[in-house]
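Two complexes come next, and they have one chain in common, subunit A, joined by subunit B in the first and subunit C in the second.
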Partner chain A sequence: MSTLSDPNFVNPLSLRSRRILVTGAASGIGRITCALLSRLEARVAAVDLDQTGLESLELPGEGHARRCLDLENVDAIPAWMAELALEGGPLSGLVHAAGASCVQPLRLLTPALYRKVLLLNTEAALALARGFQKKAVRDPQGGSIVLISSVMATAGASGAAAYSLSKSALHGLARALAVELAPDRIRVNCVAPGFVRTPMFDRMAALWDPAQLSRVEAAHPLGLGTAADVANSIAFLLADTARWITGSVLTVDGGYTAQ
Partner chain B sequence: MNANLVTLITGASSGAGRQIAVSLSRSRRLVLHGRDAGRLIETRELCERPAEHLLWNLDLRQGERIEVSLTQFIEDHGLAVEGFVHCAGALKVQPLRLVERGWAHEIMEVNVMSALEIVRLLVRRKLNDRHLRGVVLVSSTASQFGARGFSVYCASKGALDAFMRAAAVELAPDIRVNSVLPGALRTAMTESMLDDDALKTRMEAQYPLGIGEPGDIAAAVEFLLSDKARWITGQQLVVDGGRTVNLTA
Partner chain C sequence: MQQTIPKQADRTVDGIYAQLAQILELEELTAEVVLADCEYWDSLTVLSIIAMLDASFGVHLTASELRSMRSAGDLAAAVEQRRPR
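For the complex of A and B:
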């Protein structure tokens, strides 16, 4: 029954020769996404603050780029995106996987702390979209923007005020831009992961006691997820499989928000 | 691979259901369900390896017949149903004051109760062991938003999505259950609507990416049914060209 032996079969998720910018590329969801996209024959432009992590990223195929950049410098984003496009060709896709976690009770949540979270998670996303829309940056055939939000955009938890705020704003951003950028054939969607085993998760889980960890696990009917589970959905939204999907949130959470 | 492993698609005789059948036939053996036997055969001819796929002919408005009919069908063919796509749907647009219990009940039977009945049968150990792995229900953006004359349809799709979430939680971790929420597609059902130029212009203005094609829904169904979605359950995937996020039209 396999179609793989069929010479005419085209992988519907194929991203052949499309150029896709991934932020947060050195670790977690961003890192696994870069690996998957390169296997789908995309040319990846990997951006992260972590130079060592970027260098160790394994990207099969040609035409990839790695840039060590600080996304907290939001004002500079559109300029380096234009440079990137000039050097390696226009972008067909953008994945904003960079993000800061923040678990702080409200009384300890200082403006400096929550502004830092908003800057990286939300404002950088907006600046990346601004950069992407520029005619010199995007592929005239159209594009797909995927913003990584979180189940915390729709569910609440103690100490999650700043994180929830920053991630739910991405849902609003995606909906507004979906309508505004449709005439440019740019689709904008979110992937909202539940708790996935990544370095960020491990840092957070280190603050929990074992009972709390097993409660979190039990809250996911399919168990905890992996970064690859999220990467597969990102690829689906980038590829032509999602050509009529815009303004949507694809929740990948093992059933966390269904109950 | 177990040659008796099949995926059941209801409403496969036309529109999105037919396209879902064509797409899934590239990698799966199918049971094609439909009410119209002639058009069901047409769907099978459009599929890859037509001879492999089975046809199950039943009017889902007669919900009380599903149990006997499906049980017998599975037993006669010795099938193991691993996937279920519910694409059968009925729509009647009428102002609330003109709704009649009779046809309202039929729409609930086709759109919701038959899905519940089929999933209930497919999780019976005696009938289908533990073969069922994935369920995708084709709902509608009407489960989330109201429209004039759509009271029964909206109620049926809202119930379908509520059932989807409950089943997802109850049947995890062995079976994943999700829904796809399409906006208006170009199908035989809507072709006459889209012939009306004024209506077509109005609809196109509402859809930032234009009117959709059945293939757009098929791609989403195929993804949710595949292992690539192995951690997705209890979710509604909206596939509507941006219609429901568009406040400017």
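For the complex of A and C:
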């Protein structure tokens, strides 16, 4: 990384030519992240189940890829990533933004329900990291993995047991992998967003009364966030701006957990 | 109870009652049952019912709409009226 006194100073947020895999790319935080990374000159490999959403994704620049993949088939993820690297080159970054929400009281929370949430939110993250670590997949200079967790990983809420379980596990996963993968110059961090206006939020908010929505908004001293607020933090952790940051959780919540 | 929302939901009125009975943990549920009198009738149960109606019947109800309904029969009638044909 260049220093400020270097006449050839390079913007440390630049992701020029770096290839970055983003899951959940068709909507919400993943979609906005793809758009931002492409504007930072990264080559994006956008992954989602939603083919139509992927096709409508606007990615300026060249070298991008769009792939339809069912991340619940976790066993197949590492081999699929090896194919992706073979086709388009090694990966410098990975963002796991795909996720499932779940609001269910404990008495109705069956193993089938919470395992489904864990599968996409947590187990897929682990499988993606396994795939990323392989020499045939990652850039030999190292890389950055960013897992999207949630304020629900550290703050409790009624009906959020499965979701909190899946997201708090990402924090432990990031810390363990940060230590294990440091010799390979792979950094692993989480971004923990508060409530952000995304299609997933809108689906949830549609179930609420206006008073409930007002309470959620009031719980964020800076108001509800946007997907772009979270995407900016993801880009920061992917780029050289975070080259000495690993095993951290970057909370991006408008003050939700500061109270 | 094995699953809150069956994969192949019974989309008849009986299906509404069956899933409602699961969520409210009642062995039997009839049209006359007063929702607010049920042991498990609380805000989280209301959210669970709304999510079930959305997932299984494609019907969107708000919490205040659901709370304004007196009986299971009122709820089933509203679902029947609003479900996509």
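Keep in mind that, in the parts below, the second predicted complex is superposed on the first by the 250 of 259 C-alpha atoms of A that agree within 3 Å, B and C clash if a C-alpha of one lies under 4 Å from a C-alpha of the other, contacts with A are read in each partner's own complex, and residues count from 1 in each chain.
By definition in this document, a contact is a pair of C-beta atoms (placed from the backbone, for glycine too) under 8 Å apart; a residue touches a chain by one contact, two chains touch by 3 or more.
For clarity, every value in this text was computed on a predicted model and none was experimentally measured.
Visitor: Clash or fit: how do subunit B and subunit C relate after the overlay on subunit A?
Guide: Here the two partners, once superposed via subunit A, fit next to each other without clashing.
Visitor: Classify the contacts of A:8 with the two partner chains as first (subunit B alone), second (subunit C alone), both, or neither.
Guide: neither
Visitor: Is A:141 touching the first partner subunit B, the second partner subunit C, both, or neither of them?
Guide: neither
Visitor: Output check: A:113 vs subunit B and subunit C. Expected answer is one of first, second, both, neither. What do you get?
Guide: second
Visitor: For the combined three-chain view, what is the angle at the C-alpha centre of subunit A formed with the C-alpha centres of subunit B and subunit C, to the nearest 10°?
Guide: With subunit A as the vertex, subunit B and subunit C sit 120 degrees apart.
Visitor: Looking at A:259, would you say it contacts subunit B, subunit C, both, or neither? Reply first, second, both or neither.
Guide: first
Visitor: Applying the document's definition of touching, compare subunit B and subunit C: which contacts more of subunit A?
Guide: In the superposed model, B touches more residues of subunit A.
Visitor: On the combined arrangement from the superposition, state the nearest Cα-Cα distance between subunit B and subunit C in Å.
Guide: 29
Visitor: In the superposed arrangement, what residues of subunit A touch both subunit B and subunit C?
Guide: None.
Visitor: Spell out the residues on subunit B that touch subunit A in their complex, using ranges where they run on.
Guide: Where subunit B meets subunit A, its residues are 1, 26-29, 48, 165, 168-169, 172-173, 176, 208-209, 212-213, 216, 219-220, 222-223, 228-235, 237-242, 244-248.
Visitor: Spell out the residues on subunit A that touch subunit B in their complex, using ranges where they run on.
Guide: Subunit A reaches subunit B through residues 1-3, 9, 12-13, 175-176, 178-179, 182-183, 187, 194, 221-223, 225-226, 229-230, 232-233, 235-236, 240-255, 257-259.
Visitor: Within their complex, state which residues of subunit C touch subunit A.
Guide: Where subunit C meets subunit A, its residues are 1-4, 22-23, 25, 40, 43-45, 47-48, 50-51, 54, 60, 62-64.
Visitor: Considering only the defined contacts, which subunit A positions touch subunit C in the complex?
Guide: Subunit A residues touching subunit C: 103-105, 107-108, 110, 112-113, 158-159, 206-209, 212.
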